[in-house]
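What follows is chain A paired twice: with chain B in the first complex and chain C in the second.
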Partner chain A sequence: MLKNRVLLVLIVVGLAAAASLSFVTHAPNRLLSGQGVSWAVVLGAGRWLALLPALPLVVGPFLPQRRAAHLLIAVSASALAAALLWLAGDVAIRLADPSTPSARTAFGGAFWLIEAVVALAAADAVQRGISNPAARIGFGAALILPMLALIGGGAIDQLSIMKEYANRREVFATAVATHLAIVGAMLLPTLGIGLPLGVLVDRRARLRRPVFAILNIIQTVPSIALFGLLIAPLAGLVALAPFLRQLGISGIGVTPAIIALTLYSLLPIVRSTAAGLEQVPSAVVDAATGMGMTPAQVFRRVEIPLALPVVVAGLRVTIVQAVGLTAVAALIGAGGLGAIIFQGLNGSAIDLVLLGVVPLVAIAITADVALKLAVTMLRMRSG
Partner chain B sequence: MKRWLADPLIWTGLALVLLVIFMPALKPLFAVLFPDQDRPLFEQDSFINLTLAHIGLVAASSAISIVVGVTLALFVTRPAGREFRPLVETVVATGQTFPPVAVLAVAVPLIGFGAMPALIALALYGLLPVTEATVAAIEQVPAGAREAARGIGMSPAGRLRQIELPLAAPVILAGIRTSVIINIGTAAIASTVGAKTLGLPIIIGLSGFNTAYVVQGAIVVGLLAVVTDLAFDRLGGLLDRWKRDDVAASA
Partner chain C sequence: MITFEHVGKTYGDWTAIEDLSLHIPKGEFCVLIGPSGSGKTTTLKMINRLIEHDRGRILFEGAEIRSFAPEQLRRRMGYAIQSIGLFPHWTVEENIGAVPRLLGWPKSRIRDRVTELLGLLALEPERFRDRYPRHLSGGQQQRVGVARALAADPAVLLMDEPFGALDPVTRDTLQAEMLRIHKASGTTIVLVTHDIDEAIRLGSRIVILDHGRIVQSGSPREILAKPASDFVADFVGREDIGIKLLSIERVGDRMRPGEMAEGEPIAADASLRHALSIFVARGIDRLPVVDQSGTVAGAIRLTDLTGAAP
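Entry: the complex of A and B
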């Protein structure tokens, strides 16, 4: 009878959210909290037909656990997620009234929860149906395409988050570019210091404890405190050596952000570099030496390739962490998506907060998935 | 006496307590360090109050994280809950890629400004490392130990209490440590959503260009995090020693 309890629990949670929270809300302006729009309005005039992809999900818990059933559920979940997005955008178009341009239609709690549940159902189905890790990631990424097509095609342009975007197209583009540039700029000193330090720690066991003790203390200090503590020394440094100001260095802004991000990134990079080198079997190194390779050749042609998957796994942790910390760096004037989030929080403008949060989370997850894929492919190549 | 002096936990802890209590006495020092500031000391609230509020917020949210996280992990490592394990692992892995700031910012529209959204955001975010560590800890309990316990007729509950949990304790503690340290940092940022924490002097200092406030808040919250980390380190050491003694006693 019941073959998949996980899916059943997800469906119950989704239905409970649909019954107790509003799918979209409508408010006279962007600062007031909105009134829920009833499901009768959302699904009226035959629009409920858009929910047909939900059918395979509802019968899913009782289907035999075969590959075809899992793939059907994953594809249906993808279609349902897109349908829900379209329904929300469609209500917003219908409620839009040229005489009240400041009125806002926003996603409600039920929208976010149901989308989350649908995403989890898809992820669970992909995990059950596909065993190859690289294929899993590729298939999962393809499931997002219908939603991206809808957003790109303007189906949700009347929703409040997209209106905030339309009002701030350039600010938004600059924020995303700054955010990515800070994360990218952090990588240079991180790899330049972290990789050699990791090799050194692997070669000189004596250094291991003190190096990791210091890096761990740095990692422990809260981000906002580390950013703040860099302001005064940097400002003092610039006052002592004014030519630094010409280089664009100052106590607030991008300089302390990149320094702090680098300090935080050293622990995962050094740890993974040392761990990667350590797990290279000594028999392999001995064999390479026996074949007449010099230590430099052994390092370049044997140790680096074998350590690479572990190092890239550490790089994944570093980059995902840096994407989040860069948002905090907005508090010291570094810009980026955090600036949009904090501006929204200060003005109690929730849609503006979301305009910062949604792309922030999207960047973090994309970086995570892309680097996981890289690790998987490196492992397959060397394994 | 000498060991006492060399103990970093004792002197950082002492430094934290003294700094929090006697911060007002340092006003002349900050006046010299930051001569441009009219108000060189954060006085809108006492550092004692801010520190206690910060610790209270972290303690309350961590307590929720630990209870819910360990329960969830125990559920998915029992035969009855095994089917839910991939789902929970997906949620935990994806959730940890969410930046803490994002979780905090999203809690506001759902719950409103103040301490409540901060508490819920911290508890939810702190749940992830605890769950992850507990699942890993239970998994690495040697199958032999489980089999032996079953062989001498222990009930599933008895095996959990007397075999699995004690053997898993150090790894679970490491997860709790990660969770609490992240929460101390996130609680500081939570003053941007209206929670009273040690982040308050930092935020007010940053928006009002008063670097003295920033330094005061940053040093106290930084010390708090370091002291907490050292305390967990000590706790882990005690747990290891206790486990060894226990094994030695039963051998």
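Entry: the complex of A and C
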């Protein structure tokens, strides 16, 4: 009878959240915590019809495990996620009152939990229903489109997170750009140092232990401490050689952030490069050498292509880690989404925090999925 | 073709090869055999400089192998190993064409050569050309490995236990194909094995090594009939020596032409060992012999199996 246990668990969690937490909250201003808005208000006047896409999900655990059933559940989940977003935006529009412009309607715990559960249900259904990795990602991306359309169309503009966004449009765009720029800039020294170091560690067994010992120690230093530790030496350096200031180098800001992120990123990159080269079968290298390839040819034609999937897998870890750490770098004035988050934390403005966190998570997930796809494609090619 | 002159190789205080002298003439199928640690693989790998010798001289076509750049030397020698070592990210065609590509052959010539070699190793060219190694069975992989080693018409083919990891049936088929390829191409082959039956079947000469020295070298018949020492006698399988001798001779060589006999006939190119098996299994002492066309050519008696060949 029960065919899909995962989905059933998700549904139970979603219903429990709906019963115990509020869907949206309303507060007279952004600093006060809001009062929950009842489901009766949210779903009144026939709005409950928007929840119809939930039906296939509820019967989903008992449907036969066929491709069509999985796709139905995925599409229903996408529709339900959009419907919930629309319902929240709709309540906010109804509660909006021009006479109290500082009043705020915000997403409540139930909204976040149910959306999370719906997203997991969709991901699980796509996983079960589609086997080709590229098609899986394409379909999954398409499922997000209805929500993006609602946000773009202004359906949730009266919700507090979008109000915060409207107040900070420019700052937000700059923060996203800075964030991506820092992560991008970090990749250059990381790959420039990490890849050769990984090759060196693979070739010289003696170096393995000391190199990894140092990289591991760096990894254990808390990020805030590492950012802080770099301020003094960099400031001293600039004092000694003032021309560095012209290059934009200083004790605080982007320079120490990139240095610290590079230091953190070296461990995963060096480790995956060395591991990638190590798992190249020695028989293949033996055959390549024995047939008359020069060492450079063996490296370029055999070792690099066979090590690449592992190296890219390490790059995936590195980038996702760097996206998160860059937020902390805002503490030393590097900017980025972290700046918005800390501003929100200092002002106890949760919606402002979310304005920083939501795109941060989106960037991390996008990078993760894209590189995971790259690894899968590389693996399929190199067996 | 290849000459070892008082060659030695030492690792620290362990002598892997001690004063080894050996001449392998052009066209020979030379099998190096010995127990583990006897130096047979070291000897093979010294030929293409995967291992460098440190005493004596090794000559290839009359010149010391150190006078060639290692890569140039290796491209003139085919190399096949037990673990095969196909490139998993390359198709069968790209694997086989690896050395020709290193040598800068034009594409069309490589393609033709791949087609020819796949046919030679009984792999349908159009079916296998674009496959990846992971889609091949172990036997098919080793066929591709052998084809890759033969691709650039090497002057010598070096094989390090090439059939060691295959099941007995596949190994038997590939051994038969190696004999056919050797006969057809006349390529000089040096093969390392620890399987005495493989050595007897394939080798035109067997070189038995122990502790880095040659303990006996000669044709399979010489080795079996006159083992030079107790070690060799034990190594070739003391109590099976007679059976093994029978396995290298053909029924046709001892047949009595024109004589008639009753019963199911045996082929003239079957081994004497096969004939003995039939005598024992059927409890008879004479067998009709048919030639390749299937016509009766004579008979063989149980007593013909013993004594010197006529």
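Keep this in mind: the second predicted complex is superposed on the first by the 382 of 383 C-alpha atoms of A that agree within 3 Å, B and C clash if a C-alpha of one lies under 4 Å from a C-alpha of the other, contacts with A are read in each partner's own complex, and residues count from 1 in each chain.
Keep this in mind: a contact is a pair of C-beta atoms (placed from the backbone, for glycine too) under 8 Å apart; a residue touches a chain by one contact, two chains touch by 3 or more.
Keep in mind that this is a model prediction, so the values were computed, not measured.
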{"item": "Touching partner for A:294 - first (chain B), second (chain C), both, neither", "value": "second"}
{"item": "Broader residue contact with chain A after superposition on the shared chain, chain B or chain C", "value": "B"}
{"item": "Which superposed partner A:305 touches (first chain B, second chain C, both, neither)", "value": "second"}
{"item": "Touching partner for A:365 - first (chain B), second (chain C), both, neither", "value": "first"}
{"item": "Touched partner set for A:68, first chain B, second chain C, both or neither", "value": "neither"}
{"item": "Partner chain(s) touched by A:286 [first = chain B, second = chain C, both, neither]", "value": "second"}
{"item": "First (chain B), second (chain C), both or neither touched by A:338", "value": "first"}
{"item": "Contacting residues of chain A [partner chain B, same complex]", "value": "4-6, 9-10, 109, 120, 123-124, 127-128, 216-217, 220-226, 228-229, 231-232, 235, 251, 320, 323-325, 327-328, 331-332, 338, 341-342, 344-345, 348, 350, 353-354, 356-357, 360-361, 364-365, 368"}
{"item": "Of chain C, residues touching chain A in the complex", "value": "48, 50, 70-75, 79, 81, 83-89, 98-99, 102, 132-134, 145, 148-149, 158"}
{"item": "Complex contacts: residues of chain B adjacent to chain A", "value": "83-84, 86-87, 90-91, 94, 97-102, 105-106, 108-110, 113, 181, 184-186, 188-189, 192-193, 199, 202-203, 205-206, 211, 214-215, 217-219, 221-222, 225-226, 229"}
{"item": "Complex interface listing, chain A residues touching chain C", "value": "281, 283-294, 297, 302, 305-306, 381-383"}
